[in-house]
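In this document, chain identifiers A, B, C and D correspond to the written order of the chains, with residue numbering beginning at 1 in each.
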Amino acid sequence: MTRQELLAELARLSDEDLAVALQAGRAREKARQRGTYFLHHFLQERRVEGEDGRAVITIPVSDLVMNPGGMVHGGITALLCDNAMGMASYMEKRRPGVTVEMTVRYHRPGRGDRLVASGEVLSAGALLNSARCEVRDEDGTLVATATGTFYHRQSR
Amino acid sequence: MTRQELLAELARLSDEDLAVALQAGRAREKARQRGTYFLHHFLQERRVEGEDGRAVITIPVSDLVMNPGGMVHGGITALLCDNAMGMASYMEKRRPGVTVEMTVRYHRPGRGDRLVASGEVLSAGALLNSARCEVRDEDGTLVATATGTFYHRQSR
Amino acid sequence: MTRQELLAELARLSDEDLAVALQAGRAREKARQRGTYFLHHFLQERRVEGEDGRAVITIPVSDLVMNPGGMVHGGITALLCDNAMGMASYMEKRRPGVTVEMTVRYHRPGRGDRLVASGEVLSAGALLNSARCEVRDEDGTLVATATGTFYHRQSR
Amino acid sequence: MTRQELLAELARLSDEDLAVALQAGRAREKARQRGTYFLHHFLQERRVEGEDGRAVITIPVSDLVMNPGGMVHGGITALLCDNAMGMASYMEKRRPGVTVEMTVRYHRPGRGDRLVASGEVLSAGALLNSARCEVRDEDGTLVATATGTFYHRQSR
């Protein structure tokens, strides 16, 4: 599509859909400019805390992250857990790592205005960290918990 | 923002960012019109198979689903697994269910053109199903595996 | 084997092996007499606490529960976690349940004189409970953690 | 207790309890003599197959491994899964490893004459293997499934 066609198609959208379009376009622009990644900006993740072995991440709850049942999609909750635990593990090791595996447990539907995921390292080895995470809504209701293993290759 | 302001902001984006904006705006429009949900359309999920106790879901791999390391974000892989297993479980029970928990294991970076998630029910009870899932890229490389429990309330 | 043959074979064992033989024979006798089960007595499990949604179980560490590497066998640690979480879940529901699944993470080798497994219910539903467990040695070192799902059929 | 006291106590047991006592005493003797471990002999594990990345282990089902509900204790099933996956991982790496974590899912009660646990490596890395396991009874009924991560330190 040419730029003109793209703009013409956009102009046909409703106001609300247009707002989502702008949110997505800007998220991609930011990711590109800052060398970060799209989903971080599009989901409007905020890192509200981050020290040795701990990290807290929040996202607003909107219809962009809902499943057909009107609650936050379990995959988005899993993404949040992965990010909070992965960042906690990074904060402990201070070098990049990858997720080996994670288990996510869903306790209550994710609803309300925002979700808060608190990750912490449970046990740290030379290469492998175990972490856990709690996801709560803004009332403090426990929405999900997760545990996972993170592998941090030896720095050379 | 007014509609004019939204369009003015959009007009400032690059062509590629504009294309992503349109993809998001249209996904939201479809979700609204069809009573489905945003992420399904935005991630361009395709259900390529679906019979009793089995389901296959694919998504294209693009920079929209990447993590900072340039591979598919583990949370998106988890979302795919949740969807493929949840749909397989629905196909077996023929009534709505929820994810109780899932474990996702990451074997190889998700790269290439698309990911294919194949879910199947391993064991079916009156209310609880166990399912498993394999995620492969288009070359057949095993990217991730998952297992999970799905709860389907008795229909009345 | 006749009783005489059994006793003759036993008489050939060393003193230490004989002590284990007696521990096993008595455990089976107790299980039979009390309608409980063999492993509980043989592993010398002690329930040191047990209230709503919580349970603590200890076992002595001896060569009976070791793996070839000279630390407590991961399967025995898993059994402890299953028991502590299952009992915690029972304490919350006050009706029998079964383990749907559990994840056990091994942090440090299980050594020393005894292991202490502390289980608690994380989230309680009508039929399903989520529980977690920590296993520590007598110095408080975190040996393992576990999470699991327990299903308690409706009482009628 | 002196040897005489041990034998006197043993002589008070019923025939069936005496048989269990002998099984335990002999298992300890074998473990000692062969440098293996007690539970392997006491549970009468048989390795019926074992090649690159695969392993099959069986145990007889007796009241020694039952839980209070008259089915195989979930902890014993977990121990079997740990052994079958751990051995499969060893068969792939050919050097010792440890279990990082495992998830066990219980599908049907373990009953009948014996359980067969079949482990295989799903994905092999330089240091970490992912394995899975199926546990079936002698009729082929799926009793449990498991997945796990195994860490094999670099040999030097």
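Some notes on this structure:
As a convention for this text, a residue touches a chain if its C-beta (ideal position, glycine included) is under 8 Å from a C-beta of that chain, and two chains touch if they have at least 3 such contacts.
Model, not experiment: these values are computed from the prediction.
Across A-D and B-D, the chain pair carrying more C-beta contacts is B-D. The interface in B-C, C-D or A-C that matches A-B, meaning over half of the contact pairs are the same by residue number, belongs to C-D.
Centre-to-centre spacing of subunit B and subunit D amounts to 38 Å, using the average Cα coordinate of each chain. Separating the centre of subunit C from that of subunit D, both taken as means of CA atoms, is a distance of 15 Å. The mean-CA centres of subunit A and subunit D are about 40 angstrom from one another, to the nearest whole unit. Each of the following residues of subunit B touches two or more other chains: 100-101, 103, 105, 130, 149. By the touch criterion given at the top, residues 1, 3, 6-7, 9-11, 13-29, 31-32, 35-39, 42, 63-69, 73-76, 78-83, 86, 96, 98-106 of subunit D touch subunit C in their complex. Considering their complex, residues 100-101, 103, 127-128, 130, 149, 151 of subunit D touch subunit A. Of all the residues in subunit B, the ones that touch subunit D in their complex are 103, 105, 107-108, 122-123, 130, 132, 142, 145, 147, 149.
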